[in-house]
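Okay, got some structures for you below.
Each of the next two complexes has chain A plus one other chain: chain B in the first, chain C in the second.
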Partner chain A sequence: MQEEEDPKEYRWESGYEKTWETIQEDESGRLEPSVTEIIQRTKRRKLLDREASVRLGIMRHVYIILDYSQAMTEQDLKPTRQICTLKILEDFIKEFHDQNPISQLGIITTQNKVAKRNSDLSNNPQRHLDCIKKLQDVPCRGEPSLQNALEVALSSLRHLPPHTSREILIIYAALTTCDPGEIIATLQKVQEANIRVSVVGLAAELHVCKDITKNTGGSFSVSINDLHLKELINEHLEPPPASTKMDHTLIKVGFPHQINADAKPALCMCHLDDLPPLNTRGYYCPQCTAKYCDLPAECRVCGLMLVTAPHLARSYRHLFPLKHFNEILAEESSAKECYGCQKQFTATAADKNVSYMFLML
Partner chain B sequence: MILDVDGMRVFFPYDFIYPEQYSYMLDLKRALDAKGHCLLEMPSGTGKTISLLSLTVSYLLAFPQTLSKLIYCSRTIPEIEKVIEELRKLRIYIEKETGEASNIIGVGLASRKHLCINPEVSKARDSKVIDSGCHALTASYVRARAQRDDTIPQCEFFEKFDLHGREFPLPAGCYNFDDLRDFGHQKGWCPYFLARHAVVAANVVVYSYHYLLDPKISEIVSKEMKREACVVFDEAHNIDNICVDSMSININRKILDKAKTAITHLTEHIQRVKMSDSNRLQEEYNRLVAGLRQAASQQDLIANPILPKDILEENVPGNIRMADYFISFIRRLVDFLKMRLTVTHAVQESPAGFLKDIRARAFIDRKPLRFCSERLASIVRSLELTDVSDLAPLVAVANFATLVSTYLQGFAIIIEPFEDKAPNIPNPILYLRCLDSSIAIKPVFTKFQTVVITSGTLSPLDMYPKILDFHPVIQSSFTMTLARPCILPMIVTKGNDQVSISSKFESRDDPAVVRNYGKLLVEMSRCVPDGMVCFFTSYLYLENVVATWYDHGIISDLQRHKLVFIETQDDAETSLALINYMKACDRGRGGLLLAVARGKVSEGIDFDHHYGRCVIMMGIPFMYTQSRILKARLEYLRDQFNIRENDFLTFDAMRHAAQCVGRVMRGKTDYGIMLFADQRFSRADKRNKLPRWIQEYLMDSKCNLSTEEAVQLTRPWLRQMAQPFTRDDQLGVSLLTLEQLNSADSIAQVQRRAQITL
Partner chain C sequence: MTEEGCLLVMVVDMHPQLAEHDAHTYLNAVVAFANLHLAANVRNSLGVLAANHLESRFLYPSCDGDGVERQRDGRLEMLGQVDRAIERGLKTMAVAAGASPMHSEQSESLLSGAMGRGLLYIKRRETEEVLTKKLQSRLLVLKISSDTGSQYLTYINAYLTAQKMSTPVDVCVVGGECGLLQQGADITGGTYHCVRQVTELLQTLLLMYHCGPATRRKMNAPPPDTVDYRAACFCHRTLVDMASVCSNCLSVYCKAVPLCTTCNVIFQTDRPLVRLSKKKK
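After this line comes the complex of A and B, so read on.
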């Protein structure tokens, strides 16, 4: 993120960098040609691979495991890995609840060889955002423990109903893990519980992480810079294809009404702890008439899933993504400029990606 | 796919091919056409073995007149098995393509330890015990006696093989050691002798170096090979040392004492034979008088240590023909050697000087000495000794006598009163060292029409023709075409405090240097994932440095990031450390292995993928220059081959350094950092001696770095390497399909590359 945002971070405090050497152009003017090209190609392939008629796990339960070890204090992401990651996560949480309204999120951090659950699984974004805010003041210390973190996540994901998609997203900065026991055994348990583990690394490829993701069907990626990190984390906004072991059952869903006018002032169930003022606005569970101020929610009293129709519709959209764009050469098309942004199509543009135009079928 | 290499159809069992494999085949084809020797360097992990096999086997099929056999020499048993597996793949592919059964026979050969299926004999673990156990059951006189006497045990497998197996050709196919054993069980034949027999008829033979280079064994195993063969020495970067070692003998007090005991046993035996069967000794005497050189029977355990061309076609001299005389002769020899061992200071002399001395003081002439080992073999045969393992020290003495009296050039005798490690405890050793590596390999070069010397690290190439004394028709070094820069060689010359780091003798114990080495290791272990290997120049230096690091707290710093393992001189300890190191890498804890260049770890153990993401070479692994053996060899090389001492030392050090760092890179999908931490590496004379495939990525900007600069280069590189990488990304650049290969411009490109290397 921008350096100006944190005035305490001075240029001379950061690591020694040979900025003039990192810039290398190839004939087409791209930087770090071979690897960049490979990344571009994988991205396109991923888009092409996505198919419309795949069963997706839309009811997602995701634990984010955040490495909070010493390695997070490194300054290769600006201002530090910790701050940068938290900022990206903030956006991610908002976006996640927006795109996956009937899914739940939780946050676990690991440092000093132990793991701690910072926020429980819930579909209330505000709670996670508060948690992220609190985490900004927590210092990063010691070594992480992958095994402990996985055990913590496992203990709560294991009891979820079988039709949900269970996922763990690990954001890992360290290059080591300090475990109390055999991590292979934990991996076995994770695999048996049908949990999909994905890892986003901040530093380098760690074999054990790659192994977990391979065995559980998740994805493994390592970020190159902050923009890439954001991209990688945001890839997890899309619901993953449902694993074959997942059950399909009918789920009872309640569509609560917003009762106004003649309602009596009452406490809402979601903010019981911080004693909100009594009011009449809210949604009432059609089964037990408990009140909730925000949807979607799981009824605390009768366990009914409370959603509105737009929520379901929004989740539904993942099932029918846009069709692929068709690639045609600029010369062959009749249009001379982009309909959307009015950019001219030229065959001689330096970046050949620009010289193509994309038409939707 | 079927390739067209220089007009010849080459069967290649994979759908994709690396460009360098193609150019490798082109060069190999040229060498085979020219019937000359060649020297090829190609990085490991680029499919050297299959290229070699594909081309030579296709050549065998296309021109059976010019080439009839491929002899593939490898270093270790697993490598031999790997070669056989590749050959099996190739053979299946050829059958599929041509649609008819192929008559290629591929056989691996190893010692009895790996092949014996006799339930009694194979129980033993030690290979010497197995050899001698086999000998006791299968020696010709034992079998002759067993025919008379039913109580004498025999090996049923050998008997059955001898009865039926010799006329029966091995069915076409590829046989590794398990296959041979299975086949042996199935037929009831001895797999070892079956393999030895099959070697003569097989098209492809895979065995260890020693079967060709060690004159003691090659005489027995490889004598019947024809000239129209192609010999391949794989991983041959140490071939000169193997040649030298195969003709060198060390003798100490213990060996002489045991030899003495063996002589006493022999004497007793002779007395007994005299009593019971005096004819036998007389017969032997008559044979020796008649000058019948015993054709070495197949099961001879005591073989002549000199080369075939040097074996005299003369009679055994008169003064050692009688068994008694010979015994007293060899006793005198042992006593003389014992006397020579009582020295207080190191002595070095030439074989000629030694012969003069032994003549003056022990009245032993040169001629009987030359026949010593042959005479010993003969007496063992006529005494019908069954247990020959006790005789080993005596055999060593006899071999010493034969070698020292046969070769007056290229050998040196060095007697040292103390060992290097314990300079106060007298433990005199007599070394007979071969100084000239060309002596042992010369018969191979003259006997076979094509000899291929190949390895991942042969640079600088022009040294090998000199020290092995041959003229290659082709000598080239191939690089690795890569779709992404997956090796990162760097030369770190100074620490963060700008103090230059070096393992130079004067500065190696300087606390600043040791601390900077430690800091470098800590910094690297912080940013490199999984496994990391660090090579020191010697065990002594490793121990000193680790002790200092421990005092300075560097070890505990290291252990926060990785678990530290140390290679020791104890084999069992080292393998335990290795197992746990790999465990640490697998579990994500990360491991750091402190090893020694020239040690067990530096040769033969691969640290592929996560087992080795980074290799650090702490200092230049020069040989111990104070050693008299090395000094003698350097002197000889200077006088005979005009190679300057310094050139040879640098050459040897750099090939070991390259070998160490090469451990990290075992294929194109792998990636690794190669860090040379010594200020002297940045000099042109050292840098230029690295293999071409490493040099190509060692830009000027990566030499002369400080610790921090190295870390700054490492981090982004590791990130880039962690990006997903599939085969499609390699296609067209570092991996070609048949169509891509056949396109005119890629052939031109490949050939251009090959041209440059000539």
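After this line comes the complex of A and C, so read on.
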């Protein structure tokens, strides 16, 4: 829960909000429609806040830092915080690679006062999913070290080209951190490297986390329950606004084609370890004709990024977002049914007689 | 074998270019296929949309619905109702289109908008479904008009939405090939076929598009052609193999440009700046 921005007032000084009065029963005595309406209204308000003219960092390199300390064995999220978080991260990884096809993800865990890189930055979701599966058997021990984790992430994010958006997402459950030196020095380095740090807390708000996120332009929230945690983590699926220091360049990409007719069976470069049988299906890099089963991929031979046009088009919804909808009552409008789905607007419909045109993307 | 009922939404292209082909055969094929779908399984349901260069319109179910009439000519009442609704809607559309003159650049039908409305109708039926089982649905697009590529973004949005809803989009093109719709069928897991003459249309529809996605897997169809997934560069609109992409707005350029035309951002290049030689006095 976010603290109030105003540090002067305490909650007993100002009036308390009577939150129970906002929920009202409808004609049939059910509470559910008013609750769903409140949820929809908050979603719409969030959409209104996003402006179209803000530059977004589309090519993202995100490191997820997982706290694997003793605090993760607490059972306030069922069955334990560790298992609950790993489950949510599995869905997050799949959605992330779906919505950001040219972005890369990496996983770092910290326990016993050290930090370890479990999965390098890559855009192959399978690798991360395997890593998460292995992490389910690793026990949580000791104390976390925020500085070590940030140093590990920094060491690889620092060398990336400047046109990418570098982010760190920390999932922190402990209330302490055990660092070898001054964490302020690491914060300076993180700020200089232009990295955006966001923290999702599971226990309580920590001043050091709030400091890091405020100085780097990230977000900090503490989750109330598991649904809220899922929502907070999924907020990071959307590309964040780009920082002003980001340079923009032209990135060379290749659009591979499939040759089915006269292709010769060949090894694919993504499965060099398991060596499946030779086949002709796959995509051939336009620069070096190496074969890959799945796109998007980065060619291991020549370093060219291989994508298809629909992958680039997936990011267009952020660049060309929908215009905002106006809410009008059904009595005022002349239409008798919804333009999109032909649903009649009747007086007994549970959607409260509002007429919208909604398109989901 | 009894299948689960399937909701089929047909998007029919009614561009005035239809006059070059045989409009009568085309519409006969469409109506016959719609009737077949409804008659094949009692749980099947149907939606029909038509699109021309000016508008898209829901033909069935029609908003000004007449009540179910008594049986005429010995058929199922619903089939007769479908025929009459389609006929009425098409007449209104043709009259409206004839009233305004056609410009030369309106050579494309607004199929992408009609696809969007079809997907919305599917979504509405899914939420209204009383039983807890998921409603199986698919979208069938029939196209005769030529392509201009101006609706690329709307098409891609429709395909990605259909992919998220796991709704296959089948495409049947009459006349020439259409790469954009072929990509859509590939992304969503539908079938694409190009028919040369309108007279072959009904046969193709019956053979390839009648069965639902579950049965289609059991049919030994020939493997689909390779789909051309290359992007078109923004400066020449030609398909390219390798291109440079702006890191801010993802616009595709075939060669290096100093400034992005879409988002007006100046690119940092690695080339050193040219130094003017100092004049020696």
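What we mean here is this: the second predicted complex is superposed on the first by the 278 of 361 C-alpha atoms of A that agree within 3 Å, B and C clash if a C-alpha of one lies under 4 Å from a C-alpha of the other, contacts with A are read in each partner's own complex, and residues count from 1 in each chain.
The criterion applied here is as follows: contacts are C-beta pairs under 8 Å (C-beta built on N, C-alpha and C of every residue); 3 or more make two chains touch, one makes a residue touch a chain.
As the structure is a computational prediction, the values presented were derived from the model and not from experiment.
**Q** Contact-wise, after the overlay, does A:222 reach chain B, chain C, both or neither (first, second, both, neither)?
**A** After superposing on A, A:222 lies in contact with chain B but is clear of chain C.
**Q** For A:234 in the superposed arrangement: first (chain B), second (chain C), both or neither?
**A** The answer is neither, since A:234 touches no partner chain.
**Q** Output check: A:146 vs chain B and chain C. Expected answer is one of first, second, both, neither. What do you get?
**A** The first partner, chain B, only.
**Q** Per the overlay, which chain contacts more chain A residues, chain B or chain C?
**A** Of chain B and chain C, more residues of chain A lie in contact with C.
**Q** Quick one: is A:122 in contact with chain B, with chain C, with both, or with neither? Answer first, second, both or neither.
**A** Neither: A:122 stays clear of chain B and chain C.
**Q** Per the contact definition in the header, classify A:178: touching chain B only (first), chain C only (second), both, or neither.
**A** After superposition on chain A, A:178 lies in contact with chain B alone.
**Q** Should A:254 be classified as contacting the first partner (chain B), the second (chain C), both, or neither?
**A** second
**Q** Should A:208 be classified as contacting the first partner (chain B), the second (chain C), both, or neither?
**A** Touch partner of A:208: chain B, not chain C.
**Q** Does chain B (first) or chain C (second) touch A:42, or do both, or does neither?
**A** first
**Q** I'd like to check the shared interface: which positions of chain A are touched by both chain B and chain C across the two complexes?
**A** none
**Q** Please output the residues of chain C touching chain A within their complex, sorted ascending.
**A** Contact set of chain C toward chain A: 58, 61, 63, 116-117, 120-121, 123-124, 153, 156-157, 159-161, 183, 187, 223, 225-232, 240-250, 252-253, 256-257, 260, 263, 265-269.
**Q** Using the touch rule from the top, collect the residues of chain B that touch chain A in their complex.
**A** 483-485, 526-530, 560-562, 585-590, 609-610, 613, 701, 708-709, 712, 715-716, 718-726, 728-729
**Q** Which positions of chain A touch chain C when the two form their complex?
**A** Of all residues in chain A, those touching chain C are 55, 58-59, 162-164, 242, 247-255, 257-260, 286-287, 304, 308-310, 312-317, 319-320, 336-344, 359-361.
**Q** Which stretch or stretches of chain A touch chain B in the complex?
**A** Touch residues, chain A against chain B: 15-18, 21-22, 32, 34-35, 38-39, 41-42, 76, 143, 146, 175-179, 182-184, 201, 203-209, 221-224.
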